[in-house]
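For clarity, chains are labelled A, B, C, D and E in written order, and residue numbers in each chain start from 1.
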Amino acid sequence: MWKFIIRRVAIGIFILFVVVSTTFFFSRIVPSEPAQKWVGAHATEEQIEAAKIELGLDKPLYSQYIKYLGDLLKGDFGMSIVSHRPVSLELKNAIPNTLELVILSVILAFAIGLPIGVYSAIHENTIFDHLGRFISVGVISMPTFWVALMLQIIFSTKLGLLPLTGQMDTILKLTNPLDKITGFAMLDSVITGNWRVFKDLILHAILPILTLMSYSLGLTSRMTRSILLEVLNEDYIRASRAYGIKERIVIWKYAIKNVLGTVTTVLALSAGYALVNTFVIEAVFSWPGIGSYISRSVINLDYPAIIGVTLFASVSYIILNLIADIIVALDPRIRFVKGGD
Amino acid sequence: SGGEEQQGNDNTPKTVTYVTHSDPMVFWDPAETWAIEIVALQNIYEPLVRIDPMNDNEFIPVLATEWKSSDDGLKWEFKLREGVKFHSGKELTADIAARSLKRTIDLGKGAAYIWDGVKEINAKDDNTLEFVLERPLPMLYIVSSAYGSYIYDPDLERDWYYEGNADGTGPYKLNDYSKDSEVILEKFQDYWGGWNQDQFDYAIVKIVPESATRRQLLVRGEADIVEQMPLEDVEALKSDDNILISDITSYQQLYAFLNTQKAPLDNKYVRQALSYLMPYQDIVDHVMLGSATQARGVIPPNLWGHGKDLMQYNYDLDKAKELLAQGGYPDGGFKLLYTYTAGDKNEQKVGELFKDALSKVNIDMEIRGMTVDSKYDLAKATDPNDRQDITMLYWWPDNVDPQGYMYSQFRTEKEVGFNFGYYSNPEVDRLIDEAIAISGTSIEEATEKYIEAQEIILDEAPAIHLYCENYVRPYRKDLKGYADNPAYPNAVFFYELSR
Amino acid sequence: MNSKDNVLEIKDLKVDAHTVMGTAELLNIKHLEIKTGEIFGIIGESGAGKSLLALTILGLLPKNVYVKNGQILYKGEDLLKKSQEELSQRIRGKGITMIFQDPMASLNPVFTVYDQVSQVISRHNPGLSKKQLYDRVIEMLELVKLSDPENTMKKYPHELSGGMRQRVLISMALSAKADLLISDEATRALDVTIQAGILKLLEELAEKLGLSTLFISSNMALASTVCQRLGILYAGEVLEIGRVEEIIRNPRHVYTRSFLSSLPTVEKKGKPLPIIKGIYPDPLNKAKGCIFADRCPDYSAECSQNKPTYHEVIPGHFLACIKEEKHKPSSDNDMD
Amino acid sequence: MDWGEINLKNEVILEAVGLKKYFPIETGFLKKSIEYVHAIDTVNIKVNKGEALGIVGESGCGKSTLAQVLVNIYSPTEGKIFFEGVDVSPKAARNSLGFKKNIQMVFQDPFWSLNPRKMVRDIIMEPLKVHRIVEYECFDTEIERLMDMVGIGKKRMFSYPHEFSGGERQRIAIARALAARPKLVILDEPTSSIDTLSQAEILNLLIELRDEFNLSYILISHDLSVVHFLSDRLAVMYLGKIVEIGKTETVFNLMYHPYTQALMKAIPLISSNGTVQNIEALEGNVPSAINPPKGCRFHTRCYKCQEICRNKEPELREFEDGHFAACHFANQS
Amino acid sequence: MSKNKNIFLIKLKRRLEALWVFIKLLLKNKLTGIAFITIVLLTVTAIFAPWISPYPDQGQGQVNLEEKFQPPSTKHIFGTDELGRDILSRVIFGTRISLVISTITIVLALVIALPLGLLAGYHGGMVDEIIMRITDVFLSFPPLMIAIVIASFLGPSLTNAVIAIAVAWWPWYTRIIRAQVMSIREKPFVKASNCIGTNKWVILLSHILPNTISPVIIQASMDMGGVILTAASLSFIGLGAQAPTPEWGLIISTARTYIIDAWWYSAFPGLMIFITVLSFNLLGDGFREVFDPRTRVR
């Protein structure tokens, strides 16, 4: 088991290394002068030269690369060309906000998508199944940004039920200041017992979560359905029914455990998708996370920022996949790969 | 927790919310700032003097209470206000003021160039600041500049600022900043101007990129002032009883620069033809919904240097065809590249309308939205033939002076800066130089020179002068004291507001 | 015949399936009975519908397969009239149970042997204490002669050999104390040397526990060693039923006869085998008349007109063939 | 080397000496621990001209692997192969078209043994094209002849495999194998996936073809009656080794090796007079081919097992004329 | 020679018959049938856009300022936009763009993936190892993320978006093709060709390749939708198509500014994306069902 984890981690590190190197060389190839950007358009030649030295751009490429790797190891992603602030600092503030959305939406997608998939599979070819399938194919066929806009229109503009944008009410923030403990606002509000803020945070998060959730939900329920259908067709399910085992146990114990491995992988996948979808929708919801951050950095060609977010997303994605792999590997079928006769 | 809730309600502070479209806090160092940080920083830092263009360019004392210049115009003295404190508690002295301006100049970042021509800055005594000049300069316009003119504490480090700190003498101090979300300003109790109870305890600058959202926040009363509203929305908001619209002529003018160094726009007739093909009226009516006036020359109407009698191009298809024929392209048949700043809806729409108009004379145009940087990169490509044919640029002054419009955009440049027409005419260069030289002494004479230069520029058409836009900003009716000041684009002076 | 003697009786059973290509007629069984305590064999080629028959009895048909008409009487009760709930409560496991053909696929790969066996036991004996359950599991595993049950039951199916898995399955099938056991080619996936052991075990258990058994197989020789009576299934229809000796020595249906004669036995070495032309019927468009008509050497026009009636030729020997109705069957062996 | 020339002096068409095939497999999660499946382990066989050699054994004992090594689908880990007395062990020799033409194979799985996306004509044409058996213009005549030979109407030349029954597909596979006009055909369970009635047809066809073209066969099956029916000599395999080999009748009657005895006893056969032999079980499980037992591989399940069996691997010994068995106690009952 | 022509015709006929049977099977499922017809209609729309759309010039960018922001009416079924252009016509021309870019992207991805997948699957060993490790890197990220990063480096344009998406997509195909090749490689008919002595390149191209296409077709039809979504997302955040290109994502991106007063402006293009992507997904499901041997009875 440990060997397996070490091997997977090694592959993950290798992938990261490739990503880091490619982005580095990419950012140097693209015809654009970072030093110029750093000092601004009015700058003189001498200022640009000075900036080059300040940014280490005067050194040969390989030593820049080595320094870059070294900095990364220290958690230093460089300075944002636009804001002149350390990217790591900006990320540190933005990441918890995004993760909060991603984690909650994936959990919800799982909690809702799994039962839909199971129900759909059990009642194959009934009206419910058709409906369930249609919904799950439907939600993955909608552009997320469009879902975001439509949800806003319906729940906020027309019905006025939920706040339109933002993470929490500013005035509430002034009257009930929230202590930063973990950086995750919701968690902090729970820890400090700040329930008014908690409620407000939840209300603000509903629409972005619904938006992010839609894709993962579709993916989960679709996957659950198709795998469960396969599993339900297996002899061992038919056998346990033939022995008179209760249907509830057949489905929720015998069948589901065989489905979970794959669904876990899907979950990791969809967490990755949710993370990337924040790149598109956070701006729509003015959510102060890495999505808003990268979408602005992309407009400004702020390479250190783009690379910072990319690396963060890569690390999370690799870790997610690793976890999924480990969970799947706990499956006895894989564990005893050696025993085959 | 019921009691707590009650208490929360009783203590609800008075807040005003200004909603902007993007995070203003880019440059934190007051020496460096020269963009939209102004939104927050004009409330935190103060200059010596402010200008009020809506009131015949009246100069309003801020940190300076009096000023005078020597007869030859080479020496200026400013008396500083007494009893001014920084948010840190430090007292403002002439020495601090002098050192802060010198720091700005030495750093050379942002708008530091406005001080070009200033030889020395001295603290004559505790509250007298003296400027020694190389040549006569319109000093009041310079010290009231929107950028580069703040008086701040020169002993603070750049790094300290970039950790997200600010310390000025202004009425509001920084309370909290969350990136891409909001900047919260809190009233500075010891402000020299004092406070009355109608003024706001907190001023919130909220960042909302979506215009539709900004509009809704305003309608619901969650925002008091919003900026960058599509004019269609403004139109719709006019019917809302709770909302007023501030609509003032600004100094912001839009230009389409024509690449004069690359065929076919190296041909004067073709450039003139293009100038006749721009649907000015449609743009003013349908893109700007009337909140703009067609440009007349390079310099906008409210600024000195503007020529009331300069010629204007108007949409005229026949004339354009004639000119094209004259220029050797009777059937059009060429392709142009139009670059603009991605995300700027107005520039984009102008492009779409222009493209449509050009198609009538068989000219094809590619519209390419680019990030500001890549747009500049392309515009500054070494070979003029690699550059775009047409690029869009807004200009507005750092201080109320037409110099930038003419000098930066139309004077010959060795290295491309902002002269995106790559225009070079020794006659024009001479006129501009002369105008700048005398602008410190005689504005009338300088104006004449500028007008003469503009006549040549209009004839040679290195740029299409589109429109001078109005700053349109809807705000809640119950907000008192709101007046937009075009000299400080997008800034809102929260201190003047009350409810 | 008294139906009380029968643990299972099937009447006029028709099973169809919806497929992408159209409706498939999969089973059409006029009459079939399993007597109490006997081992009854169903012989048929791959695709004849043997597994489907087993699943129909247990009410476990795949979603697209459905019973068109008929009765399946288990001790006089019609199983087809029962709800899934009732089947699960009263019939499956307790009354009728089944061993599937592939022991690998029939054990849940992610649960240990103990988990799976104990689940069945506690389902049918609610209220057992942990200890009692444990003992029962060991008892059941010992019943099927698994060596070292204490260790075996902690393992996952992968860690067991084919023979051991099949034993575990049998122990699960027997855990509920059913009186009818369906063995669907229980040894097909096993090596021949292991197969014999399992067969012996089945025989022994049937005797010891008084089980009636439906023994499904495609191997006539194998079935003959354990069964008392055999039914010949061809394309979903039972063509002949009779005592084992009768079927083997004196087959009356042309298909049974051809089947036996085309087996390459030791004696036939080197001689050409008798050949029956034609292909196995397609369940999507079955013949209207006799199902074997198009391959039958004795074919005459009337064969493809009507379905042959199902009748008793000699006591206890049933047949579906028009020809045999007419010429009384000779009692000699007319095989080559 | 001229493969067209027949070496008349040698009656042996194919001979394998000391053939071994180990499959490396990755066990555990780390690639490092590579172990080997000893699929066939030192096998010697001979096939004479015009003879059919049967191979029986339990599932996984290496029958198919042996066949595939002989036709060069797998290269042997060790050992030599002689075809008509010529050493074809070097890679180049085995890969030459001349060698390939002479030895063809028919596979078990009737569904995947024909490319589902090709029409019958193209399937049978493949060897004709590769080996230039006839002129291009005569391809169709030749295909029709082959189809006729295996009893498939030539009208169905443009049909896809899925339009045929399992038995018919096997015949097409046989037609394809024979199109190259080989001298030796290896049949790997050619009938085990088709129904009994079709099996009879295929068996008849195989006999007919052998007589007509003087073919040699290697026939692999776990169905003893099929092997008995078709083969002249019979080899019994256990865990990658041949434990007994000899004339079919002799093997059936004498059964020197205890495994042969167990195998024979475990398979129920109906004789023509309708008697069914009773079957007997062999205790124990088949050991893993990754770590085969030391000494005699059968000792874990053998009723005759003694100390020597656990330590010393028995050699194949000749008991009758051309009848070999590998057991220390072969002729002691 | 005429005989050869004859054979060719017979084969062609058989192929068409097989295709016809396939389509009939596909359409058996109502949902798939509807999806299939929708896609056929969309394709026709795309091809004949200039003739179908009520205001073809406006579809391509001509402005009509007198009729800004008209709500849906008989004259403008989907209403008009901020420059008075007929949204229906814009959306119809958008069909063209979406279908073309998704097709090009997938073809491009396949052009990269096919040789690599075949090579990796057939050759195995070191080649396989290298190719698979490269795909691992790509597969470690959601395609949209790769596309965003690449597009932001290349600069915004439709062409760059296509390149970016193709780069993000090919590894998925490589993997599918490789897996399929590895399984087909072990099939007896390939071994038989081996015995016959057929050249290994011929085996690869004429035996293995044709048998790898069904999973590729399933995946490709689903991906058509995925690519359209990705391209729209790129355009939405400003990294894709440029105005006045009637790309759906770009239209919505512009339209969101006016979402309060002109709901139709963003609703219809969104609906169009939804319908198109949904159809491709359903078609993919249908393909899977028909290709899956388990759902067919022999």
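One rule holds for everything that comes next: a residue touches a chain if its C-beta (ideal position, glycine included) is under 8 Å from a C-beta of that chain, and two chains touch if they have at least 3 such contacts.
In this text the structure is predicted, and so the values were computed from the model without any measurement.
> Which chains are shared contacts of chain C and chain E?
Output, common partners of chain C and chain E: A, D.
> Tell me, which chains sit next to both chain B and chain E?
A
> Looking at C-alpha means, what's the farthest chain from chain D?
Relative to chain D, the chain whose C-alpha centre sits farthest away is B.
> Averaging over Cα atoms per chain, report the distance between chain B and chain D in Å.
That pair's centroid distance is 89 Å.
> Which integer distance in Å separates the CA centroid of chain C from that of chain D?
Chain C and chain D have C-alpha centres separated by 33 Å.
> With chain centres taken as the means of their Cα atoms, state the distance from chain D to chain E in Å.
From the centre of chain D to the centre of chain E is 47 Å.
> Send over the residues of chain B in touch with two or more other chains.
210, 216, 342-343, 374
> I need the residues of chain E touching at least two other chains; which ones are they?
238, 256, 259-260, 298
> Going by the touch rule set out above, which residues of chain C reach two or more other chains?
Touching at least two other chains: 161-162.
> Enumerate the contact residues on chain A facing chain E in the complex.
11-12, 14-15, 18-19, 23, 26-27, 30, 130, 134, 137-138, 140-146, 149-150, 152-153, 157, 269, 272-273, 275-277, 279-280, 283-284, 294-295, 298-299, 301, 306, 310, 313-314, 317-318, 321
> Over in the complex, which chain D residues touch chain C? Could you list them?
Those in contact with chain C are residues 58-59, 165, 167-168, 193, 195-201, 203-204, 207-208, 222, 225-226, 228-230, 252, 262-263, 265-274, 276, 278-283, 285-286, 301.
> Within their complex, state which residues of chain C touch chain A.
Chain C reaches chain A through residues 55, 58, 60, 62-63, 84-85, 88-89, 91-94, 96-98, 100-102, 105-111, 116, 119-120, 123-124, 156, 158-159, 161-162, 169, 172-173, 175-176.
> Within their complex, state which residues of chain C touch chain E.
17, 19-21, 24, 47, 282-284
> Touching residues of chain B toward chain E in the complex: what are they?
210-212, 215-216, 230, 232-233, 236, 282, 285-286, 342-343, 345, 348-349, 351-353, 355-356, 359, 366-370, 374
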